Structures are given as structure tokens and as C-alpha cells.
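Please find the structures below.
Each of the next two complexes has subunit A plus one more chain, namely subunit B in the first and subunit C in the second.
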Partner chain A sequence: MHVPDGFLDAPTSVATGAVAVAGVALALRGARRELDDRTAPMAGLVATFVFAAQMINFPVGAGTSGHLLGGALAAVLVGPWSAVLCISVVLLVQALLMADGGITALGTNVTLMALVGVWVGWGVFVLVRRLLPRRTSSVVPAAAIGALASVPAAAAVFSLLFAVGGNAPVDPGTVLGAMVTWHVVIGIGEAVVTGLVVASVVATRPDLVRGALPALETRELEIRSPVR
Partner chain B sequence: MKQRTFLALGLLVCLLVAGVASYYASSHPDGLEYVAEQTGFLDSAEDSATADSPLADYSTRGVEDERLSGGLAGVIGVVVMLLLSSGLFWALRRRQDKADPAEHVDSGV
Partner chain C sequence: MGAGHGHRLHFHGHSPVHRAPAHLKLLALLGFMLVVVATPHDWYAAFAAEALVLLGVVALSRVPVTYLAPRMVIEVPFAVFALLMPFIAQGPRTEVLGLTVSEPGLHAGVALLVKGTIGVLASLTLAATTEPQDVLRGLTRLRMPDLVVQIMGFMIRYLDVVTAELGRMMVAMRSRGCEPRSPRHWPTLARAMGALFIRSYERGERVHLAMLSRGYDGRLPSEGRP
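Right after this comes the complex of A and B.
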């Protein structure tokens, strides 16, 4: 979903740039609470993994493809504030080094994928987690559903931005319909990848999964009598 | 699994995904590009200011072999990402209280 330069006009790009700067500034403060000697290297790995995973476009039919956005995945693994920073670093490296996503569109891309993607993904994750039993295994379906929701949400916000400041005279309603439809399909891929990755981390090191903390904290110690 | 082992395995996965598996990725346009083409605003896209970067479009300039060119760009990207993001998160982390050495015990089993 990397927006190139030129899709949106200058005022819209300046506005999304300001939103992105504010969102990243808040995240720089918030992430301190999530990061310590143990979780900081994990956050670095998660950002690197999202970069690598975004190189893998998977086909979704009709000559279209999609790739992981990774906002929900990163939020569940390292917490939403750190996740905003993870995705922002990915987008910065992609724009500067790989010419993937425009430079004037960097604010738009951070807004869509690092802010909307992460916060919608995390918000839905927390809601679903609340509905499920308080177990570490509940984190997996909750993460997948958060991931599923995050992709069309980011697509819808792009369409709104296009309605406000699109450079081409195209009906915004048509863009919204097509964007959301295709990104629901891509969201299914997002959900599958997110679920698989979260499941493998939960299986090996549940203590490194931020979204599993409440379940780990309430896990009661039981007194077992020795087997004779 | 010890945290060190976990991180090393994770990095290996990143290198394999970016360096090897990326060659097999779908080359179809992504959702946004496809919708832009279908609804008629793809032409409003402009070339990025970094379009002549030596790693532009995930291929390494000067490397003819497609598989090697893309794989190398992916590996360089992974190394840059790891250094940049780990540096940022390490600088942001809460410093643990040095008076309490118990805090420093690796919880890995």
C-alpha cells in the first residue's frame, strides 16, 4: 500500500506529514514504557522482520497482489507504541533506500501503515482478547482478527485522503469501494501471516509477546502433590 | 529457548525471507496500484526523488543476475534495518536499576 509521490496534492501531504510527526513523537515517549533490556532487541528484530516480510508479495487474484503491512503483528509482539516506531523505520528505509513509497508521501505512508495500521490492529486485538478466555493461546486468533481489520482500515483512510486531496479527477466513491474490497482480501493474507508468526513466538517465548502479558500475569501457580 | 538463540533464529529467518524467498514473490501490482490503474489515477504517480538509488526497486545496480541483485538488496536492507531499529530501541529503553543485579538474570530457559 505504499503511496507514491503525486497521488495526493501538496496540502494533503503536508497535513499527513504533520499527523505522522505528531504520531511518531508520541510513540517515542510511549515506547519507553514498553522497552527494556529484554524487549528492545525484540523490537529491533520485529522491525527487521516486517521489512523482510514486505518484500514478499502474495497473489490475491485478478492480477493483484498484497503484502504484510505488519502493524497489528508488531503491536501484538512489542506493544503499539514500539510498533508505530517499527513500521515508521521500515517505511523510512524503504523510501530512502529502495524508492518504495514516495518521499513527499512518506507522511501519508506513516499515517496509513504506522498509525492507522498499528492502532486499528491493536484496538481490535485488545477487544477480541477481552472476549476470549484469558490464555496465551487466545492471543493468536485475536492478533489475526486485528490484522484482518487493520488492512481495509488503512485502505479506507487512503480513500478519504484521496477524496480530499487526490490529484486525479476520479470518483472518490469508486476508489473507496475498490480499495476496501481488495484490501479485505489482502487482509485475509495479513491475518494468516500474523497468526502464524504470533503462534510461533507464543509457542517458543510467550514472555516476549507483549499482547500475552495479561494472560501470563494471571496464570496461577498451582500446588501439585508429588506423584507416588 | 534462550533469548540469544531466539534472536539469532529470527535474524536468520529475516535474511532468508529478504535474501532468498523474495525472488519468488508475486510481481503483480499491489492492491493500491491495481485500484489506481483500474479507476484511472495511476498516471498521477511521480518518480520518487530516490528513484536512482543504487538499491531502487529492491535490485542492486550493477548486478546483472536477477536473483542475486534482488537478494543482495534484501540482505543489505535487513542489515540497515537491524542496525537502525535496534539502535533506536536500545537508546529508548528503560535503564534497569544497577543496584539490583537480580534484574539482569537472563530469563531464558
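Right after this comes the complex of A and C.
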């Protein structure tokens, strides 16, 4: 899943690195608003959770398996700014301590999975949430559709980068077609898992789901009398 | 859980590579890999020189090859792509072992494989010779924003705790007949993940309160810098 060293040429890697630095710098400011002084421990634990969630593989056919990217999931649960930080730190730890994803490709990986994955997921989520009735249960389909959109979006941006700075003479149209079709399949898995996880958290602790806050504010206290 | 919170790739040792300051190792890795990535894909002599430099560092670090080699399988999915390259690329065709393949694709595939392998081995060498705490100190010296270093520190600290928690939940689910790989059991699995999120989040809240009660003011006290 992670882009390794040497896949994109040096200028493209440096350019995506600059984009990643800018995106993370903005997220550092934004996350202070979402989590105030709890940012460090909370984002650290959520990053650990995302890492653990990524360990779960699901089959995507042809004997291969995909795993959760978690961008949309983290955005719906803790808000987009903190999600960008969490996913970026996961990628940083994987690159430096687990040799997963090249160090020169770190900027590319952060741009694709943390910036594109989170913001597309969150943007689509907010859009769908606006169309649905203001209830906590609307958060679940909105999160699933956000997750579904985020994976092919990241794949499409990768194809664009590959067309600009790919180190191989492959037709960019072929890469785009193959990447997007393949990642729509992975995106369906991502959507199902994201929706189910969000559903289970909404059912027990809706106050922990950032994306459910607007719905919680309008929710009225309901006192039910026991049925005799 | 009682074990030290080291990470799985570290190989204990006292070689010059182990003792080198972490920030220098990080800079060296980044600079070296930028050179490797920028090497044109038909300069095989340069690739050989780069591979020799890297193997020299590995030898100096005295981390056994039998330790590094099995951990390089992380590269496999990507190697498959590099092997496909000669068949899907454009350009003039050539014959290799009775197969008609694209000539530029062949060069690109070989270069991808070489660069990727050097990258994985170089990153493994860093991970095997540097303690996570030293990586954090190195990043601080390289002016990585304090908040990012703190988040990373918490992630490293609780990585084993949370993955062990997930492991125990999986054991409990498996022993009740759940097969996590089957899509039929995804709802169960997702509920477990939801529970794991709530547990992680609440652990974060408890850690934050514990830190506040010990005088945390948004910065971690810096213990003896190297």
C-alpha cells in the first residue's frame, strides 16, 4: 500500500514532501482547536488505534488482501485536523521504525493517505451528512460513503503523480484506469468496515464521534416510561 | 505486556552505527536515499557503488544478515509490480529468455527493484540500530515540531499496549468461533474495533489526566539530551 523509495523521481518526491510539510503544519494549528492541550496524548492514542486497525486485512479478491487506510474513519471519529496528524504520525513511525514505505516517499505517502485520504473522506462525509436527516444514525452511511470516496481519490492522485514523475514508461491512462478500478474494490471494503466501526461507536459513545456533534446538539432529552 | 516497550525491529548492539547520534543517522538515510532515487535508471555502476556503501554500513553495524533478510519481505507486493513492469510498459520490444518484453520497461523494472531494495535495507538498518527513544531525540534536534514528536512518543509508548489489547480481543473472538477474515464476521470484528477505539480514547483521557496531575503544561520535560 505504501509507496516505496524510487517509485517517483526525486523532484516529485521533494515537491510532495513540501506539500506534506505545509499540510501537517496547518493540521498542527487546527488540531489545537479540536483537542486543546489534550492533543499530544489523545492524538497519540488515536494514531495507535489507527495502526492497530490497519493490521486487520480483508480479502479483495484474486488472493490478495487490502487493509484499512483509516483516513475517513479517523476524520469522522476525531475530526479532520487531528486525523491528518494521526495518519501522518502513523506513516512516520512506519517509515522510520518499521521500514514500511520509503523515507524519500514519506512526503508522497503523507500527501496521499493523510491529506487526500482524510480531506476527501471528511468533505464527502460532511456533504452526505447535510443531505441526510439530522440524526446520529445518519452519521453511519455518511462515513461509509466518505470512506468509499477517499480510497479511489488517493489512488487517482497517485496516478497523477505517477504521470508527472513516474520512473517507468507506462501509459498514464492505463495506470489511472487500473489504480482507480482496483481501489474502488478496496474502497468498498473500507466503506463497509468504516461504516460498521462508526455504527458501533455511535451506538455506545456518540459523544466520542466528532462527526456526530451537530446531530447530538439538536437531540432532545427523551424520557421513556416503562411499559407495563 | 510486561516486556520492555522496545520495538520489534531493534537489534541490540554496540557497533559504531549503533552509537552514532540518531539525528546524523536520519540525515544520512535521507541524503543517501535521495541520491539513490535521483540516480538515472541505467547507471548500473552507480547502483553497485550505492549497494556497496549500504552493505558496508550493514557490515559495520554487525547486525546479522539472517536478521535483516526475513524482514525484507515487506517489499514483496511492490516487487511484483516491478516484475510486471516489462510486460505492461510501452516502447520497443526485446527478447529475454524467449519472452517478448518492453525494453524501457525492463530497465525501469530493474531500477525500481534495485532502488526499492536499497531503500528497504537502508530503512531496516536504521530501525535495527536505533532505539525509538533515540529516533525521537534525533527528530527533536532536527527541529521536528514538538507536538509531532510528542504524538509519536505516545504512539511508540502505547503501540504494544494497544496491539496486545487487540490481540486479546481477537483470541477471545476466535475462541468463540469467529473467523476475522471472513466478511460474514465483519460486523463482529467492527464492533470489536469500535470497542478498541473507545478503549484507546479513554486511555488517552486517563493518560492526560495523569500527566496533568504531575504538572504537564503542554510540553514534555526534556530528559538528558545526547
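What we mean here is this: the second predicted complex is superposed on the first by the 209 of 228 C-alpha atoms of A that agree within 3 Å, B and C clash if a C-alpha of one lies under 4 Å from a C-alpha of the other, contacts with A are read in each partner's own complex, and residues count from 1 in each chain.
Everything that follows uses one rule, which is that contacts are C-beta pairs under 8 Å (C-beta built on N, C-alpha and C of every residue); 3 or more make two chains touch, one makes a residue touch a chain.
Computed from a predicted structure; not experimentally measured.
A.B. asks: Mind checking the superposed model to see whether subunit B and subunit C fit together on subunit A or clash?
C.D. replies: These partners clash in the superposed model.
A.B. asks: I'd like to know which partner A:L131 touches here: subunit B for first, subunit C for second, both or neither.
C.D. replies: neither
A.B. asks: For A:H67, is the partner it touches subunit B (first), subunit C (second), both, or none of the two (neither)?
C.D. replies: In the superposition, A:H67 touches subunit B alone.
A.B. asks: Answer with first, second, both or neither: which of subunit B and subunit C does A:G102 touch in the superposed model?
C.D. replies: A:G102 sits against subunit B and subunit C alike.
A.B. asks: Touching A:L85 in the superposition: subunit B (first), subunit C (second), both, neither?
C.D. replies: It touches subunit B and subunit C both.
A.B. asks: Identify the partner contact of A:T174: answer first if only subunit B is touched, second if only subunit C is, both if each is, neither if none is.
C.D. replies: So A:T174 meets both subunit B and subunit C here.
A.B. asks: One more residue to check, A:V164. First (subunit B), second (subunit C), both or neither?
C.D. replies: Neither subunit B nor subunit C is touched by A:V164.
A.B. asks: So in the superposed three-chain picture, is A:D207 touching just subunit B, just subunit C, both, or none of them (first/second/both/neither)?
C.D. replies: First partner only.
A.B. asks: A:F51 contacts which: subunit B (first), subunit C (second), both, neither?
C.D. replies: A:F51 sits against subunit B and subunit C alike.
A.B. asks: On the A-aligned overlay, A:L196 touches which partner chain: subunit B = first, subunit C = second, or both, or neither?
C.D. replies: The answer is second: A:L196 touches subunit C but not subunit B.
A.B. asks: Would you mind checking which of 20-28, 92-100, 146-154 or 182-190 on subunit C runs into subunit B after superposing?
C.D. replies: None of the options clash except 146-154.
A.B. asks: Under the contact definition given at the top, report the residues of subunit A touching subunit B in one complex and subunit C in the other.
C.D. replies: Shared contact residues on subunit A: 1, 4-7, 28, 31, 37-45, 47-49, 51-53, 55-59, 64, 85-86, 89-90, 93, 95-100, 102-103, 167-168, 170-171, 174, 204-205, 208.
A.B. asks: Contact residues on subunit C for subunit A in the complex?
C.D. replies: Spelled out, the residues of subunit C in touch with subunit A are 7-9, 26, 29-30, 33-34, 36-38, 41, 71, 74-75, 77-78, 85, 88-91, 102, 104-105, 108-109, 111-112, 114-116, 118-120, 122-124, 126-127, 132, 135, 145, 147-148, 150-159, 161-163, 166, 180-181, 183, 186-187, 189-191, 193-198, 200-201, 203-205, 207-208, 211, 216, 218, 220.
A.B. asks: Could you pull out which subunit A residues touch subunit C in their complex?
C.D. replies: On the subunit A side, the touching residues are 1, 4-7, 9-10, 13-14, 24-25, 28, 31, 37-49, 51-53, 55-59, 64, 77, 85-86, 88-90, 92-93, 95-100, 102-104, 167-171, 174, 192-193, 196-201, 203-205, 208.
A.B. asks: Over in the complex, which subunit B residues touch subunit A? Could you list them?
C.D. replies: Going through subunit B, the ones touching subunit A are 1, 3, 6-7, 10-11, 13-15, 17-18, 21-22, 25-32, 34-36, 38-41, 43-51, 53, 55-58, 73-74, 76-78, 80-82, 84-90, 92-94, 96, 104, 107-108.
A.B. asks: List the residues on subunit A that touch subunit B in their complex, please.
C.D. replies: Touching subunit B: residues 1-7, 28, 31-33, 35-45, 47-49, 51-53, 55-60, 62-67, 82, 85-86, 89-90, 93-103, 155, 158, 162, 166-168, 170-171, 174-175, 178-179, 182-183, 185-186, 204-205, 207-208 of subunit A.
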